[in-house]
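Two complexes follow with chain A in common, the first pairing it with chain B and the second with chain C.
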Partner chain A sequence: MLPAGLLLLVFLTYPLGLGTWLGFTDTKIGRAGVWVGLDNYRFLWGDEVTRLALFNTLFYTFVASVIKFALGLWLAMLLNRNLPFKSFFRAVVLLPFIVPTALSALAFWWIYDAQFSIVSWSLMKMGLIDRYIDFLGEPWLARFSVIAANIWRGIPFVAICLLAGLQTISPSLYEAAALDGATPWQRFRFVTLPLLTPIIAVVMTFSVLFTFTDFQLIYVITRGGPLNSTHLMATLSFQRAISGGSLGEGAAIATAMVPFLLAAILFSYFGLQRRAWQQGGNDK
Partner chain B sequence: MSQTEKASSEGMTYLESLPRRVVTLYVPIAIFLFVLLFPFYWMVITSFKPDAELLTRDGNPFWVVAPTLAHFEKLLFHTPYPEWMWNTIVVSVVSTFFSLAASVFAAYAIERLRFKGSKQTGLAIFLAYLVPPSILFIPLAAIVFKLGLFDTKWALILTYPTFLIPFCTWLLMGYFRSIPFELEECALIDGATRWQILVKIILPLAVPGLISAGIFAFTLSWNEFIYALTFVSSSEVKTVPVGVVTELVEGDVYHWGALMAGALLGSLPVAIMYSFFVEYYVSGMTGAVKE
Partner chain C sequence: MSKFSRRDFLRTTAGAAAAGTVGVGGALWTPEAYAQGKWVPEKGAKLRVLRWKRFVQGDEDMWLANTKKFAEKYKVDVRVDSEGWEDVRPKAAVAANVGSGPDIIISTFEDAHQYPDKLTDVTDVCNYLGGKYGGWYDVCKEYCTEKGKWVAVPMGCAGNAMVYRESAMKAAGFETFPKDLPGLLKLCEGLKAKGMPAGFALGNATGDGNVWTHWLVWAHGGRMVDAKNNVVINSPETIAALEYAKQLYATFVPGTLSWLDPNNNKAFLDGQIGLTCNGISVYYAAKTSSDAKVKAMAADIGHANMPVGPAGKPTELNLFFPMMLFKYSKYPNAAKAYLAYMMEKEQYEPWQKASIGYVTQPLKAYEKNPIWTEDPKHTPYRDAMKIMLPNGYAGDMGYASAATMADFIMVNMVAEAASGSKTPKEAAERAQKRAERYYKV
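Showing the complex of A and B:
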């Protein structure tokens, strides 16, 4: 009764092992490699571009996740209020999440276009800038541009999941808190946040995982440029392995992402999820 | 009764004044919606604009003066776009059905056949879902090469389940868990086999779960990018996202109109599907996270 198990074993567990193994070889496309030990990792550690990619990935993940969380929580709380056409709004909000990322990334590429950017046009008309902004031409501007696109894509997921969590909090708790004289901030800090922590932990783990390993947005919008300033680990490993042909090196980069992901999972699991009283159980 | 229900659903909103509601609720919501929807609006507007209007800084870019279907015409009759569309449909539908069938068995086995280590298997399935494609695509590419599947639809149909099965199984496990044991026990006493129980009792009760999982799986495989980019290289087998990104972007002159038209048409199927099944979709997503 487990055909799924078999398929997962062949196409998931085996590739994971194979990927790790490839990371220790000098395999190229069309040529089997030999064991070279830690050479790949040693080379990558001394490689400027890889270091930059690592920095970019951490920066990208951190900034995007924090903003996604803040805005997502805010949007969730707005949607949780009494609102006409609530379900309609909720449906519309999810749209950025369900359309193919590669295709919405194209729209962002066009929005960031150096000559005909709509953002530049609007700012010009408002008189805020006197020259078109070259969004994807300068390293830091490009970084923030792709981060903005990532946030745009990620907010709906965070918001809708947190909304599901908010809906389970009984309004009577807020009323009780208000009667006891709690300010709105206190109600948020001492009622909403503690009750929401478990779901925040799960949602943010997912969000961090998918941001860290993001590929499509970067590949479509900047391809890692300008001057490798937006390369993430995933895009770099694609470039080295598929475009460049060094499967071993690419696999090493991909494998190097695993410890970070494990750290993120463990952090959210042990740091945020253990308090059982939040789910109505006894504290252990 | 209805009075009190209404009051409790509104909570303390009656304490708020209207201007306050406008500032703290309606204005932020409007801004959120504007930002979240603007790229779509921009996609639509661009795809109907003639090139002359696209490549000028004069006039109002937010509106289109002389709408044209030229970009759609170019897309549908002068590029392999319809072929990509067909490929995407085939790959998504086949891999979705395949994964769904496999997941039903897996989820049922984990939840109800109490074998040793079923808990661990369940956890392993969940962890498998967390393994991102950007780590797996290189070794998978090596395997696809070895199996001689490179550049065929089968490469995609067989690799998509690696992320679909864990997700669907996880989702269905939750649904199966909510079906009471007693129903199965009754059936067992009446002489039903495991197979009959699964087909006649569990599956009909789990239809909402199946729909959620199916829709989600379909969307995920429709949106898949990195595998399709890596495992397929000739134009005849490309999927829509990959085809649009790799083949419509040529040289230094970008055909924004055609690009946006392609993006729009490629997004429409999932958007339409989504609009029919919003509730299932949301419950699938939040259900997967809540567990």
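Showing the complex of A and C:
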């Protein structure tokens, strides 16, 4: 117990505690701060850029997580079938997850480039557009572009984890359902989904956490631009704390992320891990 | 309690310099008084230097060659590490915070004002170099002195200028590059009409975005703060600058709102734009390219200093490089000897030549370096240090000016107004509110 406790204390409790404390100070890089109470949070609440970053983060997390779940589940069910070259396809699906994030972000930076985009180039060649698409220059287009990059990178994690879950479901349950005359939708609704729910809960909790705290994709592709429309809490925290030297304010932004992360965890815990339902009973 | 500010120091040193010219202080300022070798490295000294990663290969090659020469001559082991320039600033801050790290860090802008009490006084080195090489440009003193002491040795600055295609400029009806703002707008309109539009970064581009937007606002007489550090960005001058930016933006190549630092270089070298604002690295890349088409472009590239606006004087912002020696260094004498050695003519001028003047000198004597005249395309960069304004103009440098720049307040304001996402008045009001946070109203 002691080594584990020590590790948790040194690498988890202390940094989290220090970050939280810094958020209540006006510490600057290279200069110790003084206690300012809720001053940082009061400022951040009134700061348009922070509020925009909060909106961006929630929007980014919600849209990317929902799509990653839908596509990941669909992919997992496809891979769970007896396809030819099944192992090969399963390995290929993992590729986006294996590539270092910074590298895939660079690739997307080129794909979305206002002057050199391969997508725009192809569409131009096909005669479908008459000028390059400004993927990262228009705020909403930029938001959807970075979400697409996140989805591409995040699907393998969801798909492979759910595939592992699917493989734990006994085929005899499907056979029994088939004998009872269940339709494919009913088999999914009353066999697959209840048995997969614990895995979904874990996978989606992690997926939401990873997405909410995303940094690298945004930092490489847009640096939060254009007009701060893709700034997430994590990138804004870095910009204010490290580039700008306001450690206290940056820490406050980072700390402000914690309640949202806790809410996501609690939602998945109480909302999805309903054991009675999974076992065919009724939830009270 | 009276505070000895940098301005007091400038006045004092100006007085001392004036005294020197009439012979009163001559003995104090003669180069002979500061013989090289004044700083005897500590026995067994080892130095770690962290610097920004080169923008042009010649810079790094010659810097390392000069370092090797120093190491051999003084028997000091010197290790030079390079990091992307935006990463050096946080690392320097961490080093200052924890009291451990590289002995010397070559960083950017006003870092020396962020933690001056963590830095070794290098007044002796700067006085020696200044006395020997014609003195420092005034902006160096703004960046590197604190309470009358030099807390960093200026390395120079990455000068910025208008980089254009001469053929495109002529096709747009201009024989020479315009020197005023109406002329620049007319040129940009002409370039767009000829299919070679201008392109200036308006994304969160730390270097290129900040450089040209600060110039633009300053050129109109706008500024983030006044001499007393009151935030005054929401002013008629700024709004005039933003109205101008709107007109200018209409002539840009599409996509500049998302441009980061590398985008304008790529677009220019690909022949998609006819004008941008950049260091000499675009020309260097063309000149040294292995691609015959790109290499041929070099002859068609022209450079010009940024036009002067209603402010009536040059208002350029350039990327300044302070060399900071930290107090925690165990070998301050070796470090001082290194700094002085690297700035001596025998090392500095060949280094500038190797990078075709990527770094403009902080010492006036190096204006005569042949690199500035052997190719007329280099010349506009020669005066970068002489004509630039410091970050945080017209107030003091320090935490607030650094944070204001890092938060892209100026860039965002210009981008919002130029793109029409906010009116110039709204954009200026928002910038005012954001900046006031850092300047603590």
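Points worth noting:
By our rule, the second predicted complex is superposed on the first by the 265 of 284 C-alpha atoms of A that agree within 3 Å, B and C clash if a C-alpha of one lies under 4 Å from a C-alpha of the other, contacts with A are read in each partner's own complex, and residues count from 1 in each chain.
Definition applied: contacts are C-beta pairs under 8 Å (C-beta built on N, C-alpha and C of every residue); 3 or more make two chains touch, one makes a residue touch a chain.
Keep in mind that what you see is a predicted model, and the values were worked out from it rather than measured.
In the overlay built on the shared chain, the residue A:173 is in contact with neither chain B nor chain C.
When the two structures are aligned on the shared chain, A:67 is found in touch with neither chain B nor chain C.
Of the two partner chains placed by the overlay, only chain C lies in contact with A:239; chain B stays clear of it. Taking chain A as the reference, the larger set of touched residues comes from B, when chain B and chain C are compared.
In the superposition on chain A, A:228 makes contact with chain C only, while chain B stays out of contact range. In the superposed model, A:195 makes contact with neither chain B nor chain C.
The interface of chain A with chain B overlaps its interface with chain C at residues 113, 116, 242. Chain B contributes residues 8-13, 25, 28-29, 32-33, 35-37, 39-40, 42-43, 46, 54-55, 57, 61-62, 102-103, 105-106, 108-109, 113, 121, 125, 128, 130-143, 158-159, 161-162, 165-166, 169, 219, 222-223, 225-226, 229-230, 240-242, 244-245, 254, 256, 259-260, 262-263, 266-267, 270-271, 274-275, 278, 281-282, 285-286, 289-290 to its touches with chain A in the complex.
Partner chain A is touched in their complex by these residues of chain C: 86, 89-90, 93-94, 96-97, 114-115, 118, 202-206, 253-260, 263, 266-267, 270, 272, 399, 402-403, 406-407, 412, 415-416, 419, 421, 430, 434, 437-438. The part of chain A that touches chain C in the complex is made up of residues 28-31, 43, 47-49, 112-116, 131-132, 134-139, 142, 222-228, 239-240, 242-246. Residues 1-5, 7-8, 11-12, 14-16, 18-19, 22, 27, 71, 74-75, 78-79, 81-83, 87, 89-96, 98-104, 106-108, 110-111, 113, 116, 118, 121, 152, 155-157, 160-161, 164-165, 171-172, 174-175, 178, 199, 202-203, 206, 209-210, 212-216, 219-220, 233-234, 237-238, 241-242, 247, 250-251, 254-255, 257-258, 261, 265 of chain A are the ones touching chain B in the complex.
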